[in-house]
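Same chain, two partners: subunit A is paired with subunit B first, then with subunit C.
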Partner chain A sequence: MLLHATGLEKTYATRATAFRRASRVAAVAGVDISLAEGGALGLVGESGCGKSTLARLLLRLIPLSAGRILFEGRDITALPEAALRPLRARMQLIHQNPSAALDPRLSVAEVVAEPLRIHGHDPRGRVASLLAEVGLPGDFLHRYPHELSGGQKQRVCIARALALAPRLLILDEPTSALDVSVQAQVLELLAGLRAQRGLAFLFISHNLAVVRQVCEQVAVMYLGRVVEQGPVDAVLGNPRHPYTQALLASVPRLGAAGVVVVGEAPNPAAPPPGCPFHPRCATAQEACRNGPPPALRNGVACHLAQ
Partner chain B sequence: MGRKFRLALWLLSRSFASMLGIALVVSIVTLALIGPWIVPYPDHVAGGIDLANKLQPPSAAHWFGTDEVGLDILTRVIIGARVSLLVGVAITLSAAAIGVPLGILAGLLGGPVREAIMRLTDLFLSVPGLVLAIALVAALGAGIVNAMIALILVWWPGYVRLAESKALSIRSEPYIEAARVAGASTARILWRHVLPNSLSPLIVKMSMDIGQAILAVASLGFLGLGARPPTPEWGAMISIARGYLPEWWWYAIFPGAFIYAAVLGFNLLGDGLRDILDPKSNRG
Partner chain C sequence: MDRRLTAYLLRRVALAGVMLFGLVCMTFVIANVAPNDPAALAAGPDAGRSQIEQARRDYGLDRPLPEQFWRYVSGLARGELGRSIATGRSVGQDLARYFPATLELCLLAMLIGLSVGVPLGVLSALMKDRWVDHLTRIFAVSGIALPPFWFGLLLQLTFATALGWLPTSGRLSVMTEPPDPITGLLLTDALLRGQWGVFGEGLSYILLPAIVLSFPCLASILRVNRAEMVEALRADYVMSAQAHGVNPWRIVCVHALRNAMLPTLAIIGLRWGWMMSSTVLVETVFDWPGIGLYAVSSAIAGDFKPVMGVTLIIGLNFMAANLIVDLLYGVLDPRLREG
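Right after this comes the complex of A and B.
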């Protein structure tokens, strides 16, 4: 296993103010993630379900509340930053918004060279070949981020992430900020790079079609928990959890009136008792209102699907 | 670098106000630099008395006229540029040197460090700067050095505020996270990303503050708390000249015009720098 994380939790404590009582928000509430070398796991769910928090936990960018992370078989849960640094080369992140992920004062060449410099490599010669690998011509070297289109910026970000020859790429909605026409090109580039370099992807998205195209495995998150997990074709082809069913039904399709998820995601600071999805679940029964849902078993965490 | 520099010049040259600012600042800096060699009456700098020529109107011999003891006002105003410029730059640089590190530290570290720094800053900001400076000079004793110390003490909090707010907003930028993912140390992130990206508003503020500091020093001089006569300082000159208005108008007008030109020049320069330093205006 390239990445193996168990029992990941991230709880934020909000301080009491004059208008609000102190509360604890569980952004990620007990998630297990496993990713094989070269594998691709999609992570889907609504905004605010903890997908991005999970990505940052796995990269040790924010402190964990509980859980354990093994990367390349090594426990990195409590590794100090200095010891983590050499490992960072092999786990990289692609941001959702490439415009914000590039320092506006650095040229493309400086952006791509920075990770190489940090890790003590000579960036000469390698920057241009990295740009070529992501499909950017050499005359982009001396351009600045504001001179590039969204797709070009995302390519620069990908080149920066590839500079240190990572094994794992965590992609946090890498195409959702791009034009639809550009999305396909970037996805194609990513798929090609994955095949060539044998990269493993943790692909965060709320676009089920994209996940189906890119990934072999998928995990569906709801309110900080994985509610269904398994091979893409099985989960998206024959969803067992009512939430996954609702997600699939909410994908707009011509001529089909799908079951739409009713209401909004509950406030994570005050999750409903029982199964957190029951207020929006069409098939909720007494058990769902009272007891918490069973742990993920056979790929699904639902009272009714066992 | 050459391309960037030419672009900056071109951007500046498009704006009349920026060009005027640069022209004023360059003239005053030039006057300050070569002043001692070009003034018509070098021995009038240190003071002295030539009562036969007192309060002469502007003429070929004395372009700006003479003061109440017969000293050439042109000479003293030009030499006054040295004092004002030096003091203005020194105050601004010192205040920035104190305020910027504190501000960036507060913004980056957060928590109790930030609370301590920012509350202390608020304490200073809650008192009007010049009033506090007057009180400080009164306590320290009048004089140009004490006026500078007082103005530095009231000037640094503005830099803390600005640097802190910039550091705070930059800290949460995804490109900082990207640098962390690449393995950058905190020092590297500070030096390579936070500081360069917070620099341009700071430079703009510094340029404008030099003008404000010149004005503040002149104000203290006017109140008799800054440079003492016979030091040729603009504020101190106006302070005496006030008593000779309106008949002997040239005595107050010319130091006043120089203060005006210096403050205006640095303010316009600041505006021009703001346009140049925005990376998005750097189209090429």
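Right after this comes the complex of A and C.
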């Protein structure tokens, strides 16, 4: 296993103000994630379900509250930053918004050269070949981020992430800030790079069609937990959790009227008792309302599906 | 240097030229709406009607305004600012004599503002919402809110009168021979001539007025820098740098601070201009022999040529500071070169 994480938790403490009490918000509430060398796992769920927090936890960019992370078989949970630094070269992150992910004061050449330089490599020559690999011409070297289109900026971010020859790429909605026509080109580029370099992807998205195209495995998150997990074809072709069914039904299709999810996602600071999805679930029973939250068993976390 | 950058710089310089003309017009208008009759002042307190009329003709004050304006502008072009009645010297000579003291005071105040304001802003942003942050923010608000003359008196009472650590006012003790001028800045001249005793004494005199003058500037640099640092530290490019294993010092100093310093730079330009004008108050409180004190004593005597001269100098200084900031912006921020 390239990446193996168990029992990941991240809770934030909110402070008391004149209008509300102090509380604890579980952004990620006990998640297990495994990703094989060269594999591609899609992570789907609505906004606020903890997908991006999970990505940051896995890369040790924010401190974890509980859990354990193994990267390349090595426990990195408590590794000090200095010891983690060489490993950072092999796990990289692509942000959703490429405009915010590039320092506006640095030229394309400086942006791509920085990771090489801090890991002690000579950036000369490498930068241009990295740009060529992501489909950007060499005369982009001396341009600044504001002179590039959204798609071009995302290509620069990809080139920067590839500079250190990573094994794992975590992509946090890499195409959702881009125009639809550009999305397809960037996805194609990513698929090509993955095939050539044998990269493993953790692909975060709320677009099920994109996940189906890019990934072999998929995990569906709801309120900080994984509620269903398995091969893409099985989960998206034959969803067993009512939330996955609702997600699929929300994708507009001709002549289809599936399960409709009602209401808003609950406040993570005060999650409902029992199964966290029960207030919005059409098939909820007594056990769902009062029992403990269902554990993920055989790829699904639902009292009724087991 | 690329072509767009050159074009940007030229545009800024051209704009400064337009502003300079505006400034000259303003000082002329101010002089002409002053309540005193300049001819009566020039003729002296005991002059009779005919002498005043004679003075009016001598100074060209009976000419139509456009002609007076032309004479004023062409005089300025030759460096003529008129004559001070109180000192008997030309205003140009007086300004050359008093300006270095003001410049020295402002430079030291700006140095204090930057060297305290920027690090405190960074610290405050790194410690956001913790007690260090709250303390520096209270400090910053008080810096903007305190009237400088009141704050100056407070410092004089504490450090000069009560504790006796520092002198109350002036630039140097009357017993001390100032160093022979090289730059006109007393501290620099003392250093260049190796007169350490004079340097130390000069420092003890300049410290309190410089602190008072720096306080509002320090406070606004701190506030802007903190806000910009908080913003920059939250940016995705900071997280990307962290994900690459860039060390925290480099993230703070290179990525975050470099971006946060751009808006801070704009504040520095504005504050430099305001600082020059608040020397009028600070120099009066501390009896500092600069252009602020010169303007105040001339205004009290009803001597308006020096006031015009000082106004012109302060205005020029404001423009120069903002022009330099604009030019630096063009060099530092690649986004501005488009225009």
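FYI, the second predicted complex is superposed on the first by the 305 of 306 C-alpha atoms of A that agree within 3 Å, B and C clash if a C-alpha of one lies under 4 Å from a C-alpha of the other, contacts with A are read in each partner's own complex, and residues count from 1 in each chain.
Basically, a contact is a pair of C-beta atoms (placed from the backbone, for glycine too) under 8 Å apart; a residue touches a chain by one contact, two chains touch by 3 or more.
No experiment lies behind these values; they were computed from the predicted model shown.
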Fit or clash for subunit B plus subunit C once both are placed on subunit A?
clash
Touch test for A:Ser107: subunit B only (first), subunit C only (second), both, or neither?
second
First (subunit B), second (subunit C), both or neither touched by A:Gln245:
neither
Applying the document's definition of touch, where does A:Gln154 land relative to subunit B and subunit C: first, second, both, or neither?
neither
Once the structures are superposed on A, label A:Leu61 by its partner contacts, choosing first (subunit B), second (subunit C), both or neither.
both
Do subunit B and subunit C land on any of the same subunit A residues, and which?
56, 59, 61, 81, 84-86, 88-89, 91-93, 95, 97, 100-105, 114-115, 118-119, 144, 146, 157, 160, 164
What part of subunit B is in contact with subunit A in the complex they form?
173-175, 177-185, 188, 192-193, 196-197, 279-280, 282-284
Subunit A to subunit B touching residues, read off their complex:
56, 59, 61, 81, 84-86, 88-89, 91-93, 95, 97, 100-105, 114-115, 118-119, 144, 146-147, 157, 160-161, 164
What does subunit C use to touch subunit A in their complex?
235-237, 239-248, 250, 255, 258-259, 332-335
Sort out for me which residues of subunit A touch subunit C in the complex.
56, 59, 61, 81, 84-86, 88-89, 91-93, 95, 97, 100-105, 107, 114-115, 118-119, 144, 146, 157, 160, 164
